[in-house]
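The following pair of complexes shares a single chain, subunit A, combined with subunit B in the former and subunit C in the latter.
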Partner chain A sequence: MQRRDPLALPLLALLFGGLFATGLYAGAYWLTIVTEIAIFTIFALSVDFLVGYAGLVTFGHAGFMGVGAYALAYLSHFAGWPVGLSILAGIAAGALAGILIGWLVTRVSGVFFIMVTLAVSMMFWAWASRSPVFGRDDGLGGMKRMNLRAIGIDLNDPRTFAIVCVIAAALIYLLFWWLVRSPFGQILKGIKQNENRIRAQGLPVQSYKVAAFAVASAVAAFAGTLHLQNTKFVHPEVAHWIKSGESLIVVIVGGAGTLVGPVIGTFLFFVFHRVVESFTQNWQIWMGLLFIAIVLMAPEGIYGRLRSLTRKRAAPSREGAPDA
Partner chain B sequence: MLEIGELRKSFGSLVVTDGVSLAIAAGAREAVIGPNGAGKTTLFNLLSGELKPDSGTIRLAGRDITRLPPDRRVKAGLARSFQRNNLFLDMTVAESLATAVAVRTGESLVFWRSFAASRHLHAQAEALAESVGLADRRDALVRHLSYGSQRQLEIAMALAAEPALLLLDEPTAGMSPEETRAMQRLIAGLPRSLTLLLIEHDMDVVFDIAERITVLDYGRVLVQGPPAEIRRSPIVRQIYLGEMA
Partner chain C sequence: MELFNFIGIQVLNALWLSALLFMLAVGLSVEFGLLDVLNLAHCTLYMLGAYIGYTVAQIAGSYWVALVVAPIAVTIIGALLYWGLLSRLRGNHLIQALITFGLLFVGYDATRLIWGVEQFRMAVPDLLSATVPVFDQTYPIYRFFVLGVGLLTVLCLYLGLERTRLGAVVRAGVDDREMAATLGINIDRAFFTVFCIGTALAGIAGVLAAPIRSVEPGMDVEILIPALVVVVIGGPGSLKGAVLGAVLIGTAETFGPVLVPDFASFIMYALMALVLLLRPQGLLPVKPAH
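On to the complex of A and B.
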C-alpha cells in the first residue's frame, strides 16, 4: 500500500551520518554549523508536517520556537527551575499555545491562514521586542544549558552539544515518520488532498487540524529550547517571520510532504550560506537565484524530484496504468 | 427514516427551497426529479449539512439533525455521494477506501500503528471496492481511473460510512450508456437495509430504481407518487418529461 522510497534510507544515513561524523571530528567553526543545522532541521520538520502533510501553510511557525525559547528562558533564568524541567515546560507551553492558536487560525484557510499565522507570530515577536524583563530587542544573555554531568555528559562542550542536537534531530525525524505513516497521518493527507471529501466521511476536520498544529508547535518549541541553549542568549529574532520564511524555503526547496526533503533543504541552506558568505557579502542574492533555479527545475522540491525519477525507472506500472 | 418538515432556503431574493416536506420510510428507495434549477442539489446540501436552512426541520430516525454540522450527520447515519466526483486524487482506490473506513471506525485517531499494515482497514476497503466492481483497480491511483470508475468509487466512499440513509446525487451524470447500466445494476443491488434517496436525470434509472418519486419545481414539491403515476401525470409531462420529448 505504502509506496516505497528506496532513496530515503541511504539519503538519511548520508545526511544524519554526515552531521554526526562532522560533529565528532570537525573544528569549532563547522561544529557551530552542525549544531545550527540540527536545530533548524527539527524546526523545518515540524513545518513540513503542517505544510506537506496537513496542508496547513503556516507563515508564522517561528512564533512557537519563540514560545519554547522564552518559556525556557523565563523558567530557568528567572523562576529558578532546573533547565531539564524548564525544557519540558517549554514544550508543553508550545503545545498549549498550538492548541489555542490552532483553534483560532484553522477557522480560515488558504491565503487568510498564511496571513493570520504571520500576524499572530509577529504579535509574539513584538511583545518579546518590548519586554523589559527579556532585554527588549537587545535580548538577554547568561542562559544555561541543561546539566547532564550526573550521567557524564557535559553539554557546555561544543562537540557534545552538537552531537546531542544531531541525535535529537534524528529522533524528531523518527517521530514524524512514525506519525505520518499511521492512520492519523493518513487522515491528515486526506484533509490536504480533499477537505470536503473527508468531512463528508464524517470527520470533524477542524479538530484534526488543531491536533496537527499542536504537535508541530510542541516540536517547534523544542527547537526553540535547543536554540536558546545553543546561543545561551534569548533574543526576539528567534520568533521573527524571517525564520518562518526560511523554514518554508527549506521545506519547499527540499520537497514538502516528504520529511527527507526538509533535511536536505536545511543542509543545503546552511552550507550554501556559509560557503557563499566567504566569497561575498551578498549571499542572499546567490541563495535566492539558486532557490529560484531549483524550484523552476523541480517544482516538487529536490527530494520530490529525485523520488519521482527513481519511481518511474524502478516501477513504471507501480501506480497503475490508466484504464480504458 | 427521514422526515423533512417545511424546509426553506433562499439565496438573497431567490427562493431555492420553498417549504419542502417529505417523509421517507426505512428501506424505501425514492427519487427526486425536476428540471435544472428546481432545487434538487440544494435540498441534498440542506440534508447533508453543507447548507443551513432558513427554517424547517430535518429528522433522521426520529432525531432532529437540522442544526448538526455535516460530520455529525454522517455519524448519525446519513451519507451522500456528489454530483461531481469529489475524491482523493493522489491516493489509490484501496487507500481512499481504507481512509474512509478509518474515519468510520474512529481509527482516524490512531497514531501508533502503521496505516499500511492495518489489515482490517484494508480488508474492509477491499470488500467495498469489490461491492462496486473496482476490485481489479484497487491499486490504481484515483486520478488514473476512468470517469465511470471514479463515479463507482464515489458510491463506495459513501458506503464506507455505513449509512442508514444514502443520498445519491446524479450517480450516472456524464456516464456512457454502458456505464449507466452498470451503475443502475450497482444501485439496484445495494442492500435493502439501506434507505436510498437519489437525484437523477436519467428517467430509465429513476423508473427502474425508485418506488416513489417526488417532483420538485421552483423549490416546491409539485407532485409525489409511484413511478407509474408520475409517468402519467400531465403536469409532470408538461413541466419535466416534456422537455425530453
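On to the complex of A and C.
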C-alpha cells in the first residue's frame, strides 16, 4: 500500500527543474555548484536507500565513492581504457566491493555496523592516501572527461557537464523510486521494521541486506566517477569518513526514508554552505548548530516534517486510512 | 646492539602514545559502555583541553596551573554538554552519532574563531625539560611523565572501580542498569560523575599532548579514530580492554610507520574491522559472551 505524497511531485519538479534551469542559464560560479549538488545528490540517495529503507546506518559509504573514483582513475589514466568503459567498470567495481564488504559487515548490527563501516571505508582511505601511484595524499590530476563529441556533446563545456550531471541525478532518483516500490524494496522496508518477522517468512534476510548494500555501493561508485569527471583530480578525501558523515547529515536533515529528503538536504547543504561562506569563513559552526537544531527538533527531517503536517491536515477527509 | 637500541626507543614511543590514547579512550569507552552514549565530540574536549591549557600557560606562565585549570574548564563544558544534550539522547545511537558529529564541526570552527588557524606548541615545564640518556640516545623526560600520568590513571581508575562505592555502582550499572536502578541506586548521579571523570581525563590528555603534538584545529578528528578503535578493540566499558586496546594501537601506530610506512594507518583500521567481525564485544569485554 503506497502513500500518496501530494508534496513530492511539486517539490521534485521545483528542485530538479531549478537545478536544470540554473544549469542552462547561470554563470560559471553557479554552474560549479549545480554540478556539485547533482553529484552529491546521487551519493546521498544511495545513502538514504541504505539508512532510510534498508535500516543499515553506514558511516563509511564515501569509501565506495572512492572505489568508483580510483577505479576510473586507474583504468582511464593508467590502463588506457576508454573513459566511458572505465566509468562502467568503476560502477561494477563499486558493486563488487559492495557485495564483498556487505557480506562481511551485515554480520553485525546497530552501533557496531556504524563502526565497522567506518573502519572499512577508512582502510580504503588509508590505502589511497599512501598509494604512490595515485600521488598519496596530494592526489593526482590530469584526468580526462568522457569524449562524446561523436554525438555532438562536449563534456568539457561546464554547462553541458552540469546538465548531464543533473540528468544523471534525476535518473538515479527514478531508479531508487522504482526500487523502493518493487518487491525487493518492500522486503527491505520489512527488514528494517522487523527483521525476525521477515526471517520467519523464510526469506534470506542477509542476502537482501547484501543486495541492498551492493546496489547502494554501485550508485555511490557512480557518484565517485562523476566526481572525478568533474574535478579531473583524484584525491583520497573523496573516501574520508567526514564525507560519509556529511552524506548522513543531508539525508537526516532532508528526511531519511523519503527519497525527496536527500535531494532537499543536499540542495540546502550546498546553498547554505555557499551563502554563509560569502559572509564568514566560519561556515562550519553555523552548519553544525543548524544541523543539531534540526535533528533535535525534527528528527524525521525537513521533508518528513512537511509531509506529516500536510497529512495531519488531510487526515479527517481520508476516513480511517491506515498509516502504513 | 643498534637494533636493540632502536627497538628500545620505539617501545618508549609506543608506551607514551599508549598512555595518551588510554586517557582519551577510557572516557569514550565508559561513556559508550556504561552511559550508552556514542560521543564523537569526546575528542573535541581533548582539543579544548590543549587550547585552554596553552592559553592558561601563556597567561599564568606555568604548565602546572594549566594542567589543573584546563581539565576543570573542559569538565564544565562537558558537563553542560551532557546535561543539555547527551543525557536526553540516551539509547539512540544514530541520533547521538549525528549530533556529536555536528558538534565536531562546531568545535572545529569555534577553536578557529577563538585561536585562529596557527599551530601552537606548549612549552615543556622546566622541571621536565631535561633529557635522559637511554638506549644510546637522549630521550625527553617529559614523555616519561606522560607515561607516568597514564599509569597513575590506570591505577586510580582500577582502585576506584574496585574499592569505592562509586566503582561498585558503576560495575552494577554496566552489568544490569535496570536492576541497579530498581535496587534504589541513583544511577543517573553516578553516570554523571563518571561522565565528568571521563571528560576531565580528556582535558588532562589535551594538556599532556600540547607540548608533544601540535595544537591546531583538527587535532581532535586526528585522534578520534584511534581512540574509537581502542574502545572497539578492548570492549566498550572495559577498563582492562581500554588498557589493552591502547597498548595495541599505540604500538601499531609507533612501529607501523617505521616498519611498513605505506600500511601504517591501514593496520589500525584492519585490526578494528577484524575485531568487530570476529569478536564484536571486544577482546576483553565487561560481560562474558553468553
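The definition used in the following text is that the second predicted complex is superposed on the first by the 315 of 324 C-alpha atoms of A that agree within 3 Å, B and C clash if a C-alpha of one lies under 4 Å from a C-alpha of the other, contacts with A are read in each partner's own complex, and residues count from 1 in each chain.
Rule of thumb we're sticking to: a residue touches a chain if its C-beta (ideal position, glycine included) is under 8 Å from a C-beta of that chain, and two chains touch if they have at least 3 such contacts.
Please read all numbers here as calculations on a predicted model, not as lab measurements.
Name the chain, either subunit B or subunit C, that contacts more residues of subunit A.
The partner that reaches more residues of subunit A in the superposed model: C.
With the two structures laid over each other on chain A, which partner does A:G185 touch: subunit B (first), subunit C (second), both, or neither?
first
Could you tell me if A:A44 is touching subunit B, subunit C, both of them or neither one (first, second, both, neither)?
In the superposition, A:A44 touches no partner, neither subunit B nor subunit C.
Taking the superposition on A as described, I'd like to know which of subunit B and subunit C A:A223 touches: first, second, both or neither.
After superposition on chain A, A:A223 lies in contact with neither partner.
Would you check which partner chain A:L203 touches, where first means subunit B only, second means subunit C only, and both and neither mean what they say?
In the superposition, A:L203 touches subunit B alone.
Touching A:M122 in the superposition: subunit B (first), subunit C (second), both, neither?
Once the two structures are laid over each other on A, A:M122 reaches subunit C alone.
Per the contact definition in the header, classify A:Q193: touching subunit B only (first), subunit C only (second), both, or neither.
It touches subunit B, and subunit C stays clear.
Between subunit B (first) and subunit C (second), which, if any, makes contact with A:A62: first, second, both or neither?
neither
Please work out whether A:I285 is in contact with subunit B alone, subunit C alone, both, or neither, and reply first, second, both or neither.
After superposing on A, A:I285 lies in contact with subunit C but is clear of subunit B.
Please give the residue numbers of subunit B that touch subunit A in the complex, ascending.
Residues of subunit B touching subunit A: 48, 69-72, 74-75, 79-80, 82, 86-92, 94-95, 98-100, 102-104, 107-116, 118, 121-122, 137, 139-141, 144-146, 149, 157-158, 160-161.
Along subunit C, where are the residues that touch subunit A in the complex?
Checking each residue of subunit C against subunit A gives 32, 38, 85, 93-95, 97-99, 101-106, 108-110, 112-113, 221, 225, 228-229, 232, 261-266, 268-270, 272-273, 276-277, 280.
Of all residues in subunit A, which touch subunit B in the complex?
Its residues touching subunit B are 1-2, 178-179, 181-187, 189-190, 193-194, 196-205, 208, 319-324.
Can you name the residues of subunit A that touch subunit C in the complex?
Subunit A residues touching subunit C: 57, 59, 104-105, 107-108, 110-112, 114-116, 118-120, 122-123, 126-127, 129-132, 241-242, 245, 248-249, 252, 281-285, 287-289, 291-292, 295-296, 299.
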